[in-house]
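Both complexes below contain chain A, partnered by chain B and then by chain C.
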Partner chain A sequence: MSQATTSEPDGVARLLPEISYRRLGLYFLILAFVAFFVSPIYTGLVTSLKAGGAATTPFLPPTLDNFTLANWGQAFDQLSRGFVNSFAMAIPATLLDVILGSTAAYGLTLVDWRRQMPVVLLFVFGIFLPYQAILVPLSDFWTNMLPLTEGLIIEGITILPASDRWGSLAELTITHVAYGIPICFLLFRSYYKTISKELVEAAKVDGASITKIYTRIVLPLSKPMIGVVLIYQFTQIWNEFLFSLTLIGSSSDQAATITLILSGIGADLSGVNFPLRMAAAFLAALPTIVIYVLFAEQFAEGIAT
Partner chain B sequence: MANVILDGVTKKFQDKSGEIIAVDDLDLNIRDGEFLVLVGPSGCGKSTTLRMVAGLEMPTEGTISLDDKLITNLSPQERDVAMVFQSYALYPHMTVRGNMSFGLEEATELSKEEIRERVEDAAEMLGIYDLLDRKPGELSGGQQQRVALGRAIVREPEAFLLDEPLANLDAKLRSEMRTELQHLQEDLDTTTIYVTHDQTEAMTMSDRIAVLNDGELQQVGTPLECYHRPNNQFVAGFIGDPSMNFLDVTLEDGRLVGEYFEYPLSDEVLANIEGHDELVFGIRPEDIEILDAAESRHEYPATVDVVEPMGDENTVHLAFEEQERTESALTSTISGMRNVDELESIGIGLPESAIHLFDAETGESLHNRSLGEIEGDRPLKGAQPA
Partner chain C sequence: MAGSQDTVAGPGASGGHATGTDRRERLRRFWKSDFVRSSPFWLIPFLLMGLAVYGGIIWNFLISLTDYEGFLQPPDYSNLDFEMYAQALADPAVFSTGRNTFVLLVAFTTITLILGIFLAILIDSDIRQKNTVQTIYLLPFALSFVVTAQFWLWMYNFQNGLVNTVLGLFGLGPYNWIGNPELVLGAIIFALIWQFSGYCMVVFLAGLQSIPNDQFEAAKVDGASIIKTYWRVIIPQLKSASVSAAVVLMIFALKIFTFLYAMFGTYRPPKGTDVLATLMVREAFNLQNWAYAAAIATILLAMGLAVVAPYLYYQYRARAL
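Entry: the complex of A and B
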């Protein structure tokens, strides 16, 4: 038997853990990144809790004297209409995008018919349409060709009563749905391509119709991708500003979405109320964070595939 | 249960380089309750044929019918057939019960109670009753295989279509499942088309074998017919393991002349090959006799090249005496108890009753082995004319 040999360092060096400089550098870099990303959130949070308009010392936490939650309350009051409007628009738009995107992808990926490719290309083309290029025709369409603000009555049945607020939001919702379908389609299509063709064939031989194959086989298997698309599309629509600005216009409009109101909050002739703006920004970002937390599991699974 | 009749079925695929004929003018009549194995090398069109019967591919020409009902252009949903896929294709989000009842829910009007009963009966028969509430991901390969079979059985279809169902199992499980499948098919008595590239599966399981190559049907017959009376050189080489030995020969003065041997023929055999000079001489490994020395007609001196002991038998690779030892000419199987050493000089006997002769150009079989010694009073099992 030979004895195991160890080379133990002498003196002080023995007391210190072995440090590799490489590792040290890595930790330092990570720390720098953390500081880079956390500092704006930190300063925003700290500022939102301070009384008084000016933000002179952004990095210092509020003292006992000027600590207040009034900004948050005030921000919530001013944003509440925007919250209602944005939810009323973003939730149906997101759900419709998920449904339409996945059915379109199913029809163009797992169902066989001739000349699919041109249709697929049309969808892909939709992704690259720049917002700026369609703004003018878009507002023209909703003002002159199909003004939903005047209500929508088909064959005597009132589908949408005349209302400036809800009409505008309906226009915005439909716009978002139309603009979101291509990217949702592509995400679902790439996912459906990984589903084994034999699975669909087995269902066919089992006697299931095309719709049944979708509802009973493909849709349940899409869960991870539905998570991804829900998070992605909700965040996109919630944070979107340009369509709101084009179709609704001003933050004082009854239909103003949260991003429109946020853009004008805390700014008046007397200057900018930074604490109020910060509190409002946090409140406006809250729903997207909640969505991430709710669907994080599916999201991670969906990204991995 | 029904006859499956394929009449002049042709399938062409369009490719960048042009047209590929996957299946060429295939006529097959699978009888009611028969177990037919479609066998051939990969790419021979056997899977395409099966998929056409299932309705997953449409034939370019020809017709397919179940009894009198023409099903050529029906969708898979409209045909009463069940299929087992090589990958099993179990629905991963459903339990075993869900997988097995899916087809009944979609294709039949059965009540929930009846479906439950059928599924449980089939599960019991396959020994997967305890697994009914598990998901496919929690099952072993063999168990998934049973579920896939169960999914087909509960449908009680006109025909079962099985696409290499045992290919993903390990060797031991495969031979177990082979026997089990045979029992199952006998019990259910349902017309079955079974696709495989494995000639052992074809030989052991089938009532009849259909051998395909390059999209063309080579032979349909019982396993032993294909083994002993091959239509051509392809079938002779494909069926049997180790495969038949082939040597190129020419006919000169009533003798076959090969590179290393000469083989005088009897008048009887000569009559069969009349008009053909370029031939292929074939003999099965088990028909080669290993002798101490070459002494009489049809016996030749040879050297043992490599011996592969299998336990029950030895596979011996042999070379003719004059031949370079780097290429062995013949493979022979002998009893496992018999000992031969590598490099040993021996004699080999190639009995005339066991030889096959093929046309070198067309591969067509001109003379097949005589079955006298096997047949005796009893005819070869299942060898009645088709």
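Entry: the complex of A and C
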């Protein structure tokens, strides 16, 4: 009954609920935000699985009566051409961007020469370019100056046969490569700055050429960053819409990419068929979601740099 | 442009014969300099990117000085003037879209930054499943604008959308989020915040994790509350992360075309959300007013430059590039 014994549990009691309330509040907040971020995706998912889905409550999962995969099947039929086109464009464009970004960053970061800063700045500004600023010349260029849809013949050798579909996709690929270089350059540059200068200098003293330093030392060390850039850039190009709209135009075009087809799916004069539209949205996002779930860390690293 | 060698060789140039060997020597050194020998690595990407970005900007400016319109054919560059810019400045559509652009830019950037900092602090505290939570928060950012626009179109659906359904539980609404010109811009901004706050959070998390732990400890020893610690000690140190995130957000806000086009499926978004970016694309690819669109594009570029140029200068001075 001394003061110490009464104040001690009192102290603990005062401390305990406060901590657990605080943690409870913390977890409550975190879960509330989880709900906030997930709910638009969730409501889309349940709607895509309902037959007469649009008319029922948006947050309830489908019941046994109205569960259907028909929307997904129909969406896949309409999107399949877009899948082929988007992969045919995004894979080569991503690989080229990784190669060009890596070599450019090497030549401007690990090989030191005077007055390279202006060149670096020109690259970096390219990241922030609002693409609207070059859309008119871009379509002018591919329509009037170098229409790849009419094929590409240099000195009598056919490099690209005339084809509306593959010509448009080639134009789109090159466009993506060109405007993707700046961000890939910066990602690689930030990584190459962490490679020790001594290593490169030592190799140089040993008489290794600039090319040899790249292939023997820098490239093997770049592996983690190559992963980051591959994931980040593929997601960017797959998700891109403005260039597709500018160069290909209509979702009924043979070359239409997946984002282009998705933007018009399931719409007619009576309104939008939401279950179909939602299923299509998930299908279109599927490759990026798979990549994201598998490589979330690399993705986060790509955007934090 | 050569390496540092040219300054060494420079003053030695005197007399006819000497200059000859000197020049040859200088040339030989130039070919062996790091500038030349590294150029196969950076020159090709640089030329490709340079033509696309800077060639495109210059060409766009030239087109904006012509009267180019109608079918896509080579424009006529013989008669250049600033008529299109005068027309743009007098156009009420440019004024109203410019105002919407500004509102969107400021509201979206500010709220996303604040929410991003808040989420970063929330996640940075000692919680379980930190990585899972981060992955969920960042998920919207991994999705395409075209995809998220579909989700939000459904969310905002007047009769069956989740937003009106949830508000209905509290006896509110239903609101016509998309049809009402006074609500639609706010609705769009809200959807964009949803998509981008995870991105902001990741940028701030990287900043938070670079702050040494003993600063938290020191503040704790001093008896500062958690809120005070963050407000006085931690947040001021996130300045450079905030600047980077703000610049990226503002550039996204300027070119926000895809989301609006994908949501409404036309070149003309509803009244109240028409921004400069949609106006530009509509003038070009819907109405074929190429020169006028190019002029609006130049205005957009100038706005972008106003945001990016100080940032790049700041980064350059801080040797962060």
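Operating definition for what follows: the second predicted complex is superposed on the first by the 268 of 305 C-alpha atoms of A that agree within 3 Å, B and C clash if a C-alpha of one lies under 4 Å from a C-alpha of the other, contacts with A are read in each partner's own complex, and residues count from 1 in each chain.
Assume contacts are C-beta pairs under 8 Å (C-beta built on N, C-alpha and C of every residue); 3 or more make two chains touch, one makes a residue touch a chain.
Just so you know, these numbers come straight off a predicted model, no measurement behind them.
Aligning the two structures on chain A places chain B and chain C next to each other without any clash. By the touch criterion defined above, A:262 reaches chain C but does not reach chain B. Of the two partner chains, neither chain B nor chain C is touched by A:71. When the two structures are aligned on the shared chain, A:41 is found in touch with chain C, with no touch to chain B. More residues of chain A are touched by C (comparison of chain B with chain C).
Within the superposed three-chain model, A:124 lies in touch with chain C and out of touch with chain B [touch as defined at top]. In the superposed model, the angle subtended at the C-alpha centre of chain A by the C-alpha centres of chain B and chain C comes to 80 degrees, rounded to the nearest 10.
Here the smallest spacing between CA atoms of chain B and those of chain C, following superposition, is 7 Å. In the superposition on chain A, chain A positions 209 are in contact with chain B in one complex as well as with chain C in the other.
By the touch criterion given at the top, residues 54-56, 75-77, 81-83, 85-87, 89-93, 102-103, 106-108, 151, 155 of chain B touch chain A in their complex. The touching residues of chain A, counted against chain C in their complex, run 26-27, 29-30, 33-34, 36-41, 43-44, 47, 54-59, 100-101, 103-104, 106-108, 111-115, 117, 119-126, 128-141, 143-144, 175, 177-179, 181-182, 185, 209-211, 214, 235, 238-242, 245-246, 249, 259, 262-264, 267, 272, 274, 277-278, 280-282, 284-285, 288-289, 292-293, 296-297, 299-300, 303-304.
Partner chain A is touched in their complex by these residues of chain C: 1, 3-4, 33-35, 37-46, 48-57, 59-60, 63, 72-75, 119, 122-123, 125, 127, 131, 133-155, 157, 160-162, 165-166, 194, 198-199, 202-203, 205-206, 247, 251, 254-255, 257-258, 261-262, 265, 277, 280-281, 284-285, 290, 293-294, 296-298, 300-301, 304, 307-308, 312, 316, 321.
Residues 196, 198-199, 201-209, 212, 216-217, 220-221 of chain A touch chain B in their complex.
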